[in-house]
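You will see two complexes here that share subunit A, one where it goes with subunit B and one where it goes with subunit C.
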Partner chain A sequence: MKLRVERDVLAEAVTWAARALPTRPPVPVLAGLLLDASTDGVLRLSSFDYEVSARVEVAADILDGGTVLVSGKLLADICRSLPGKPVDVSTDGSRVSLTCGASRFTLLTMPVDEYPTLPAMPDGSGTVPGDLFSQAVSQVTVAASRDETLPILTGVRMEIEGENLTLLATDRYRLAMRTLTWRPSSPDVSTVALVRARTLSEVSKALGAGSDVTLALSTAGGGNELIGFEAGGRRTTSLLVDGEYPKVRALFPPESPTYAVVEAQSLVEAVRRVALVAERHTPVRLTFTDGVITLEAGQGEDAQASEAVEASLVGDELSMAFNPQFLLDGLGALTVPFARLSFTVPAKPAVISGQVEAEGDDDTSYRYLLMPVRLNS
Partner chain B sequence: MTAGVSEPATVAEGVWTDVVGQVAAVRTLDRAVRAASVPGPGPGGMTHAWLITGPPGSGRSTAARSFAAALQCARQGCGECHECRTALTGAHPDVTLLATEHVFLRVEDVRPLVSVAQQRPSLGRWRVIVIEDADRLNDTSGNLLLKAVEEPPPRTVWVLCAPSPDDVLVTIRSRCRHVGLRIPPAADVSALLQRRHGVDPAIAAFAARAAGSHVGMARRLAVDENARIRRREVLRLPERLTSVGNAVLAAADLMKVATEEAKSATTERDAAERADLLRSLGAEGATSLPPAVRAQVRQLEENQKRRATRAQRDVLDRSLIDVLSLFRDVLVVQFGAEVELVNAELGEDVERLARASAPEDTVRRMDAIGRARRRIAANVAPLLAVEALMVELRFVRAR
Partner chain C sequence: MSRRTPGKRNPPGGRDRPESFRSRAAADDTGCTLLHVDMDAFYASVELIDRPELHGLPVIVGGGGRSVVLSATYEARRLGIHAAMPMGRARWLCPQAAVIAPDHRRYAEVSHGVMEIFRSVTPLVEPLSLDEAFLDVAGAIRRLGSPATIGQMIRRRVAAELRIPCSVGVAATKFTAKLASGLAKPDGLLVVPRDETVAFLHRLPVGELWGVGEKTEETLRRLGLRTVSDLAHTPVETLRRALGDTIGPNLHDLSWGRDPRPVVPERVEKSVGAEETFARDVDDPGTVRRELLRLAGRVAARLRAADLVGRTITVKIRFADFRTITRSRTRTEHTDTAHDIYAVALDLYEALRLDRARVRLVGVRVEGLADAATGHRQPALDERPQGWREAEQAMDRVSERFGPGVVRPAVLIRAPDEENPPDGDTPDGENVRG
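And then the complex of A and B:
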């Protein structure tokens, strides 16, 4: 193998592919990064940890094709600190040498034939704009569980029904749901998949917001074993989480007679301030009256805080308490200036949704269901 | 001690070849594999959690790995395809092996398995999780697994191994289907040694008998002449126990033999593993280790060291069992029972010991050996335990 590639191109590609490298590889070869130079001027870099695979294609001047496997971490460290000049890569027996300007590195290679074949990209697919996708993913992953002993809840459920793509995540205390439209390759596609929230979040960030993201789900054999993401020459596949996801959609109340509309940013700031006196696991109390939401935290002999925020209320006055962090996560995920908080009765969960103007209808493409904390009076 | 229960050696096929003398268990597992290969629920008894139990040396983990391989194989365990080979060594992406050299399996060791269990198999057959030391699960780590073992996703299978069902938490046990392995017949073990290692039939028969059908031990005795010599040295010890002084010296000798034995058993494997790792890391033949590789090599060395400590204790225990087998023979001779001796080649020594003591002394000595083994297992300093034992085994000359 003998090739020349721009330093920035190589560094970016290596850093990206190296993200998927396992920290504790189940077999030693998986610590390697596979460099595959084909004669058509494309250099492919790939990494795999049996669960997630990553592959990136970059353009390079290839004199001699070939495939080598080198320690991924070392290569990433080297590429990051190379000077800004073209990089020459060539193999020399069982070694690879990297020359960039006046610096020269020689790396050991690992046996390529022991490296597993990367899973192929599934075929059933469609596209979604990158910025929309990463926004949707970040909106729902806030609600996903981080408790590894509940593996199902560490995942994000993706439901595809024709042009509608729905993302759902919950950790039993809150539930986030985002619907968006995408462009499936066949209009009557209908499938569900459960993907680890951490993987999904990394993937959506890594693929970049600029271009369209291709989503692919394997449909062969009834079960979906893999999900694939591809954008701008970068491709990631991940295994799916298995198991029965709880039926959570029904938790959203069909109608809410009472709701308050408030400017999202001012409520966020108020909650943040008031929460300063709330000790761990203690809630902030919100009292909704016409024209004002009163926030309070702390009780008895502890430090206390209160603040009033301007808001409009439709329906009966009521008082509820929430975990401040969970409340902030929901409000922070909104992308429009106003937040609508809808209620049924104080003991039942509240729903947060976005609203473009103070008057008008709310935007139901994103809804965040939040369990109240019971007040012991 | 099951010495020489003669039974026709059965040769199972494919991945089951190495599961020696376990006809019933292999039949059960094989049936489950065949049932699992057709989609949908059906007869044959495939289930989501298995508990494989059997005495040390009966091949619990071999059976578990073979089962895992057979589940991954397109031909239900041919033993030759890529799937079978990688599953047997633990390199298969959908087979996770967990074993420990520690006293307990800790929560940190077990927690990752819960999320692994929830993943779809990457090659579409089964996700198999093998815990080789399920008896080492403590309350916390065991409870963490309860939910995962009880209701795994449809394509996940748990295989737990333990010496006996009683060693496993009752809550875990009740969630598994139990497969019991027996002590394999000596004839089967001897046949395996002949087939796989080309050992001379007489030596193979001796090794299988002397090792009490412990497959790993029998292999060492059969292929390593030094191991045979060391075993004979151990069996000569009781002869020398005429005074307290001699007994203490004999204890020191026994410890020395055990240390040597443990070393020779592990050194070869350690070197092979290290060479293998270096080759995979691409650092083969390097005179000094590159920094990127060092961490992984150090990890391997630490594991090997822990294994060596455990090996020394296991070998000592094995030596005590050898001595126990000698006294068993002595008792057989004293009672004039017409059964085969484990140590037939030491007939004269056995006769002499039998004449020098009464059966009740022999029983007392056998009890003492049992006590010493318990003490060592409970972490008493091995040398002290062995010295106490040797003093108890001492032959007091009849006046």
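And then the complex of A and C:
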């Protein structure tokens, strides 16, 4: 193998591919990054940890094609530090040499034939604009569980029904649901997948917001194991989380007679301020009256804070307490200026949705269901 | 009853410790306002109150079957018996010893009397367990005399009013006072004058330092540090590297007699736990699981009785060879239900994949406690308004009326001929521990 590639191109590609490198590789070769140079001027870099695979293609001047496997972490460290000059890569027996300006590195190679074959992209697919996708993913992943003892809840459930793509995540205390339209390759596609939230979040950020993202899921009924994402020469696959996702859609109340509308940013800032006196895990109390939401935190001999935020209320006055972080997660996920908080009864979950104007209907493409905190006093 | 590990049972130097220590009651006690008072062989001494015929004989307090020694008189200790030793071994070492079953209610009563005496001296009493406490007597000196005088008065009063012996350490810091009471035992008082604190400490083996267990001691030994003096003359940086950022500097401070911790009255409980030694080693996972459920129920009931909730759940397993492991996990939310505690405990146990290892003891402990009454709870979205908590509260009310265990999980109901009286608890068994 003998090739020349721009330093920035190489560094970016190596960094992307190195994302999927396992921190503790189950077999030594998985610590490697596979460099595959074909004679058509394309250099492919790939990594794999049996769960997630990543592959990126970049243009390079390739004199001799070939495939080598080198330590991914070392290569990434080196590429980050190289001067801004073209990089020459060539093999020499069992070693790879990397020359950039006056710097020269020699790396040991690992046996290519022991490296596992990366999974192929599933066949069924469709596309979604990258910025829309990453926004939707960040809106739901806030509600996903980080508790590894409940693996199912660390995932985001993706439901595909024709043009409708729905993302759902919950940690049992809140539930986020986002619906969006995408362009499936076949109009009558219907499938579901459970993807680890952390993976989905990283992937959506890493694929970049500029271009369309291709989602690939095998559509052959039921037997989904793998999901693939592809955008701008970068592709990644991930195993799906196994298990039956609880039926959570029914948790959303069918109707909410009472709701308050408030400027989202004002409420976010007020919650942040008031929560300063709320020690870990202690709630903020919100009292909704017509014209104003009163926020309070702290009680008894502890530090206390209160603040009033202008708001409109439809329905009866009520008072509820929330985990401040959970509340902020939901409000922060809104992408429009106003927040609508809808209620049934104080002990039941509240729904947060966005609203473009103070008067009018709410935008139900994103809904965040939040269970209130029960006070024992 | 002292809670030291068997290896540290004897004061440094064993039986031939310097007699000079004991006779130092008349030493200069200026500024030595911290007292550590520790009952001698507490459970055994209480048992001897009504049994004068056993005075001067080896007496062991412990349960039947395979429980462990809870306390032993000094006569028994001389034969090698110590607390936490399996009863079987204790009987073998000393077949002539009188064995008395523990009477925890009685010990609690006597302990109450002891603490009352302490509190009549100073409000600054920090109980460490039923039978030992730190006292800060700085404010009592003008009224009652010098610290050593106060120490002697406490010893006289405990002996006269409760008829049990105790030992007192008088020093300028908590740590030194505790060491001093250990050296004063049995039935003695030792003053470590402030100017002599460092010299006193430096003579001791490192194992005597607070916080040095077997592992730390081993680490120190590998560094060639055997005495507190060795440790004191080792650069802090070296200790930090060997023992970590917290323990390293901490031990160095202790080795120079620096121990700024004040006496904190009214210690809040930090954990609630229960454990059980099986009558025979158990290799059946089903039996272990049932025991975990029973212990979770006991712990949960005690949490509720004390209006406490906890977040961290710890499972302890002791194998037939006495190797002991603990595993813990912190929940997102506080709990006081057996249902929640058992779920975590079971998960921790299953994750061990013991594969029929022989288990001697299991324990369940809840830490990260908070006050349930002033608290709040984050229910789950799918939680029913009436859940396990309400069911278990109903069980508490039934137990109150008809006695414990009347209502229990179905898997814990055994055929009448299988009913065994509960085995003796280990020293850490039925306690709310700080």
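The rule is simple: the second predicted complex is superposed on the first by the 372 of 377 C-alpha atoms of A that agree within 3 Å, B and C clash if a C-alpha of one lies under 4 Å from a C-alpha of the other, contacts with A are read in each partner's own complex, and residues count from 1 in each chain.
Following the convention adopted for this analysis, a contact is a pair of C-beta atoms (placed from the backbone, for glycine too) under 8 Å apart; a residue touches a chain by one contact, two chains touch by 3 or more.
Note that the coordinates shown come from a computational prediction; the quantities given were computed from them, not determined experimentally.
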Should the pairing of subunit B and subunit C on subunit A count as a clash or a fit in the superposition?
clash
Name the contact category of A:Pro119: first (subunit B only), second (subunit C only), both, or neither.
first
Quick check on the superposed pair: does A:Arg172 touch subunit B, subunit C, both, or neither? Answer first, second, both or neither.
second
If we overlay the two complexes on their shared chain A, which of subunit B and subunit C does A:Gly93 touch? Say first, second, both or neither.
neither
Which partner does A:Pro187 reach: the first (subunit B), the second (subunit C), both, or neither?
neither
Is A:Pro254 in contact with subunit B, with subunit C, with both, or with neither (first, second, both, neither)?
neither
Per the overlay, which chain contacts more subunit A residues, subunit B or subunit C?
B
If we overlay the two complexes on their shared chain A, which of subunit B and subunit C does A:Glu51 touch? Say first, second, both or neither.
first
Pick one for A:Thr149: touches subunit B only (first), subunit C only (second), both, or neither.
both
Clash-wise, after the superposition, say which stretch of subunit B runs into subunit C: 40-48, 112-120 or 166-174.
166-174
Where subunit B and subunit C land on the same part of subunit A: residues 149
So, in the complex, the side of subunit A touching subunit B is made of residues 26-29, 31-32, 50-51, 69-71, 73-74, 94, 108-111, 114, 116, 119, 148-149, 151-152, 154, 221, 223-226, 239-243
Given the complex with subunit A, which residues does subunit B contribute to the contact?
91, 93, 96, 111-112, 114-115, 117-122, 124, 144, 147-148, 153-156, 277, 279-284, 286, 290, 292-293, 296
Taking the complex as given, what residues does subunit C use to touch subunit A?
329, 332-334, 347, 372-383, 385
Subunit C partner, complex, touching residues on subunit A are 147, 149, 170-175, 246, 248, 251, 281-283, 299-300, 321, 323, 347, 349, 369, 371, 373-377
